[in-house]
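We just call them A, B, C, D, E, F, G and H in the order they show up, numbering each chain from 1.
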Amino acid sequence: MKVLKTQPKSITTEGTKYCPGCGHGIVLRLIGEIVDELGLREKMILTAPVGCAVVLYDYITCDVIECPHGRAPAIGTALKRVHPDKFILIYQGDGDLAAIGAAEIIHAANRGENMSVLFVNNAIYGMTGGQMAPTTLIGQKTTTSPTGRCVKGMGKPIRVCELLSSLEETKYLERTSVHSARNINKTKAAIRKAFVNQINGIGFSLVEILSMCPVGWRLSPRDSQSFIEEQMTDYFPLGVYKDTD
Amino acid sequence: MKVLKTQPKSITTEGTKYCPGCGHGIVLRLIGEIVDELGLREKMILTAPVGCAVVLYDYITCDVIECPHGRAPAIGTALKRVHPDKFILIYQGDGDLAAIGAAEIIHAANRGENMSVLFVNNAIYGMTGGQMAPTTLIGQKTTTSPTGRCVKGMGKPIRVCELLSSLEETKYLERTSVHSARNINKTKAAIRKAFVNQINGIGFSLVEILSMCPVGWRLSPRDSQSFIEEQMTDYFPLGVYKDTD
Amino acid sequence: MATENKKVLMKGNEAVGEAAIRAGCQCYFAYPITPQTETPEYLSRRMEEENLVFLQAESEVAAINMVFGAAAAGVRVMTSSSSPGMSLKQEGISYIACAEMPCVIINVVRGGPGLGNIEASQADYFQSTRGGGHGDYRCIVLAPNSVQESYDMTVQAFDLADYYRMPVFIQSDGIIGQLVEPFVMGPYTPMFDELPPKEWALTGCAGREPNVIRTLFLNPPDGLEKQNVRLYEKYDRIEAEQQWYEDYNCDGAEVVIIAYGCASRIARSAIKTHNGNGSKVGMFRPKTLWPWPKKRLIEIAENNPKVKFLVIEMSMGQMIEDVYISLMDIVPKSRIAFYGIGGGWHPTPDSVYEKIQEVLAE
Amino acid sequence: MATENKKVLMKGNEAVGEAAIRAGCQCYFAYPITPQTETPEYLSRRMEEENLVFLQAESEVAAINMVFGAAAAGVRVMTSSSSPGMSLKQEGISYIACAEMPCVIINVVRGGPGLGNIEASQADYFQSTRGGGHGDYRCIVLAPNSVQESYDMTVQAFDLADYYRMPVFIQSDGIIGQLVEPFVMGPYTPMFDELPPKEWALTGCAGREPNVIRTLFLNPPDGLEKQNVRLYEKYDRIEAEQQWYEDYNCDGAEVVIIAYGCASRIARSAIKTHNGNGSKVGMFRPKTLWPWPKKRLIEIAENNPKVKFLVIEMSMGQMIEDVYISLMDIVPKSRIAFYGIGGGWHPTPDSVYEKIQEVLAE
Amino acid sequence: MARKARINTEKCKGCYYCLDICPRKAIKKAGKSNEKGYDCVEVVSQMCNGCGACYIVCPDCCIDIIDDQ
Amino acid sequence: MARKARINTEKCKGCYYCLDICPRKAIKKAGKSNEKGYDCVEVVSQMCNGCGACYIVCPDCCIDIIDDQ
Amino acid sequence: MAGKETKILIAGFGGQGIILAGNVLAYACIDAGKNVCAMASYGAEVRGGTAKAIISISDEQIDSPIIETVNLAMIMNAPSFVRYSSSIEKDSPVIVNSSMIDQGQTERSDLDILGVDATNLAIKIGNIKVANIIMLGVMIKKTGILDPDSITGGLKRAFSGSKKGLYYINESAFRSGYDLY
Amino acid sequence: MAGKETKILIAGFGGQGIILAGNVLAYACIDAGKNVCAMASYGAEVRGGTAKAIISISDEQIDSPIIETVNLAMIMNAPSFVRYSSSIEKDSPVIVNSSMIDQGQTERSDLDILGVDATNLAIKIGNIKVANIIMLGVMIKKTGILDPDSITGGLKRAFSGSKKGLYYINESAFRSGYDLY
């Protein structure tokens, strides 16, 4: 008997604490696959964000630093400056990156730090129980927008790829999703590209990944996939926003 | 004898502490003129930034709050929410708005707060004595970039109008300059428009004003005007970046 | 049973929210963080119903500055957070204290330092009472130990803030904030006959001189010093006027426990068991952490010259410093014992019981 | 004259920068703020020359997190700021303390609260010594009173940070930082025979188990408590090992002044005048603000049972609490006088002189 | 067919992404909950052709594709 | 001509923006410093036609345009 | 049982109405003039897994909110049964949802366990969500800690406002549980 | 003069080399084996206006860095003269740049004022920027606080590295000031 596909070696076997159907789990596996394929495990340093992915170090066997909420890009900047030959992976949620950490990501991007950022956009604060995020859709109900987000007073969801694309030192920006097999495969290709960019010294790469949060959205996993397909991708068009390698 | 043009009524007569040739002084006069013309003095609340304009309350006779460095957009948001009928003027420098306050301006802009922001971009930290700002030009020498700003490691100057323009709730974004009479007149028109927008409830308006800082730049006032004409406007093109009224 | 029936059931964090509304709070700004998130969740609904300003800020830094803005605009305003978020608010709090802007700040303390955990803790005592921010300033700090008090103290906090023109903290914790208890939701009854009019508020200067809210005092060179002296005159007045506490069984006690908030309730369980067993154990509970209610503690010590004290904190030892300073020259250190647990964990009635035994045996 | 000639002339803020380089600091991250900006200005030039990492961060929040990252990466790292900026760093400092990352943090204290002014102050004593951030933690705090000490202590700070795995503060102020004095720029001589290897550093896990730098301790429920206990065991060790001070004329003194940093130099002027007039006035100068050098102060008090103390601070009274706590049971409060000036202003030799007169007359 | 999906039911959280995506309807609810209490799924081996789609969508690394020859 | 520039030399900081812009070269250095120590400028009234350009560029509100009729 | 305090554990999956059942009990206590104090937890900051509520009921003032062991329990699913049975004091009544729990899953033989096929009964009544209230009915009947009328009062309070429409089905769920034994 | 401390004020416009003159003095003190301590200020956080340096020189250890009054001054422009003359102790020598200062601008008649046409002299020497060093020469000659060789040493240190090329003109500026009276 031969095992053709199984859990990536760099991923721990205990399983995650993510809820059923959580997109973080898929992103985790993709990271593991690419890390294995590119042989990065022993030369990488990963930043874990404050958010549902906070205990990434329990899931992936590499050097990890748990960052204060939103500050991973600043921490990653220092890691890369100290170890320019190491592979620095920045993992952030939408609250982390687009709310509290907006200044840090913009400045790291603007400085063109040679890092790979995975931005898991699930349009909600997952870990704290489903509050409105900067990327929450108009009309979406959350525990802090109980009658639905409205433009007046809360503004429209922030489109991070579009926002960062005006900064010239961002080298690669793509938005993908993990709500279907096809999109998962595209996400994998995008993550891989972001990784290879860093290895080749190309500079700042960010992949924004639309991701299911069934518990935060109060939807079943299946309905969460549909929510992305039918609603999120409408406002957050998938595709490459910048590619200058 | 009739006085046809003189110092605006809303400006105090003592004079400012700005250095000779400082662009802040010109912006101040323009504000005064428009405030007088539109009769706003008694219904306005101004936020003074940490920066050379910190003591704006010594220069203009209206209600003023001095904000922590970079936080004027948050403070202004609250002022406007409490007093939607008052005129809220946000005044910020480039260190204030584009460095430490990047998150606050992006979120205020994204929420579409009905405020008028004057962003005085002098490509330097004036008040603290000439350190590099996010808008400092490539090659420009400052006290913290003694051999000149270089792209590698410091990134390119941040273009605030371009950055904010991807946010849909920004209604009016224009970049102007005060380095010549023609540009001063255009700046006045732009500020006026930003003010009128707020009065008409249009929403978030920002005017980015390229401004001389002879002392920070270690240039004479005249050479400072040329620096804008010849170098700054090259990288920071003047013009309207968004106008959706 | 009539009053009983007026009781409502809420989490501590929700009661704080409702209290704010009843106290006339017009604006609330905050950023989610466990274990305080029920407050913004509750208020997002209720403030919309009441047509008040609810805004989830982009960060704690933005939230505290929005508080600064709304306070300056002349309305009652509140924010809430938990420990890491409170650290981010320190610059803003220092500004607000200097500018003497009234506001209410809730800290539902969780385990630290760092990300820590999300359990209850009392390890932000120094931060709240000594000024985690820069410079010389103080904030009034109220420490509830029940949902009822969470409600009552929040209402009072708004009055204190307006009366003294300063930030007032509610220092709650992950247990008190998460506790569901019935409580009487009384109507708002002002603490003071009259509150000073907010003549300084920014409302546009029609018909008056412009108002300026500032914290920079460059000229004359001693201008800032004068502002500090002004502040400290006020703080002295508050120390004289607002020392809140609760005594429990202190008369003739062999041991007096000193504990606040959640720890005081755990301690009371242990004391009851003890006293059931015939010992005499009392408790002194500070309800204001600043100003610290030292007058009464000194009285207790003086009335009862042999009494031993046992300070209990859900921290490695912070309030103990106020106890030492209060009792200096009155009670020797050797008669003041300490039992503390740091890092988002708590004593139990049993562990407190044992500690009392030890103190009694010494 | 040989050594004399080796003296160099620098501002305190520059000396701190040069000291960092000589101590092997590899990275420096900071944001400009008066009166500390000479440090980043100096280092922007020098670190480029030495091919080290200088980065002007987008904010103090980013700067302290860059410090966290570089410390975690295993190199010596420093940041500097002044009071309002320090308030913004509090969350990060709490994380760094919890994660036990070595780093050096300079606070050139200015007048507060709020924007305050840009003069010297000592009103961030509580913030530095009690943890302005959330949770139970401590940082070593060194307080230089000259350019020479600014240099020397900065060098030592790096060793202390590595030895104890924790943040070490240099608490300077707007006078010490701006002062230009000649000083001997000695070569780096390590404080300790050996420093613990940084086995925990993040360098990629080739050939070893992965390293994780974390501050969240959810499981088991008392995991965080254990981390706190670990920290406090370390802190106890440091309290035993590192109490630094300077005595001046304390033997047989009628009055001993207790002052640190800039205030100690002003006081020394006054003392000299006094002693010229025949009084016996001494001074005890803490050089570590945490741990506070109480052992020696207690000795002084015990050797000299009638001595009066006069605490002088450029604040409304913060270190005085450490004096009270140290001298509890040994010296009554009535023998401890206080002279403080808040808000970015300073005593003068004359005003100290007068205050000493008062204390002598009492 | 030699290629097959194999499911580690103990890791399964019952999201049913695999079940929905399987082109051959080779995955079905197991009708019981696992140790963790989740209603897990199982593969009907005969119907599976080992296409791997389920592996791709599973957020919890429950699925292996094996070659059982 | 009735319209003229008038300069409050005590407020002048000597940046010379006005001097540079004056289309009629009606502004010149006063050749002395004012109370604050700045080398200020003055208007040569005969040459000035009150066009107002100097008013626009002055950062310190030193210049009035008056009609002296 | 130390003093007169009843310390009740309610546990199950998120979505099984654990917190709600606790609130109904707490409301009932207000009506019954008893002191009550409840603490709900949804596991750690990371989502999923079990929900749990602990309710203390007493005629006296309730001091410590820290409850380490309970003397009455109502368990709605298997994982919670496995996880929490160790915190139940000896001889305490434990109502378990036998639709989802195999009583063999605990090693404790010193508990007074009563199985109720609550989920299936709830489905019969017409709403799977009322299983919690059925179990509450059984618990009240079995222990008598509160009289059934106060529970009805508690239900009225819990299902007021926008949730008013759910009152009747819950009331009858409670009755059917109460009448079961 | 309390003790042996010479407290020197140097003041003028930013750009007149105020801080530099202070540094030259301080460097000279190192060579001369004297203690020295200097404090420069550029006015407040808002730019422009006057620059000022205060240098204390003593054979003994210098304690307080707080200097409220000085006993020697060197003033380079009129506004500083107006602003600072009140902080100069009675009878102190004051060297003023008479190219820019009208001595009538102070009300103090109790100062020992010596005017030096320093700016004009500097222009003659070929660099307006050395006016400060000319004045330093005058001051050293007049007061003897340091011997001229240490000043030369100070100049060497101040004009080293990239500024080395400026040493000679400054040295001769110093000499011309020193030889003026």
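Keep this in mind: a contact is a pair of C-beta atoms (placed from the backbone, for glycine too) under 8 Å apart; a residue touches a chain by one contact, two chains touch by 3 or more.
Keep in mind that this is a model prediction, so the values were computed, not measured.
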| item | value |
| --- | --- |
| Smallest number of contact steps required from chain B to reach chain E | 2 |
| Centroid-based (C-alpha) most distant chain relative to chain C | F |
| Inter-chain centre distance, chain A versus chain C - centres from mean C-alpha coordinates, in Å | 38 |
| Geometric centre distance via CA averages, chain G-chain C, whole Å | 34 |
| Geometric centre distance via CA averages, chain F-chain C, whole Å | 60 |
| Inter-centroid spacing, chain H versus chain C (mean Cα positions, whole Å) | 56 |
| Residue list for chain G, restricted to those that touch at least two other chains | 44-45, 48 |
| Overlap residues in chain F, where contacts from two or more other chains coincide | 13 |
| Touching two or more other chains - residue numbers and ranges from chain C | 34, 55, 58-59, 61, 84, 91, 95, 115, 118, 214-216, 218 |
| Complex contacts: residues of chain B adjacent to chain F | 1-8, 11, 15-16, 18-26, 29, 180-181, 184-185, 214, 221-222, 225 |
| Of chain B, residues touching chain A in the complex | 99-103, 106-107, 110-112, 134, 151-156, 158-159, 162-163, 165-169 |
| For the chain E and chain G complex, residues of the former touching the latter | 13, 33, 35-37 |
| For the chain C and chain B complex, residues of the former touching the latter | 26-27, 29, 53, 55, 57-59, 61-63, 65-70, 72-75, 77, 91-92, 95, 202-207, 210-216, 218 |
| Touching residues (chain side chain G, partner chain E) in the complex | 13, 48, 77-79, 100 |
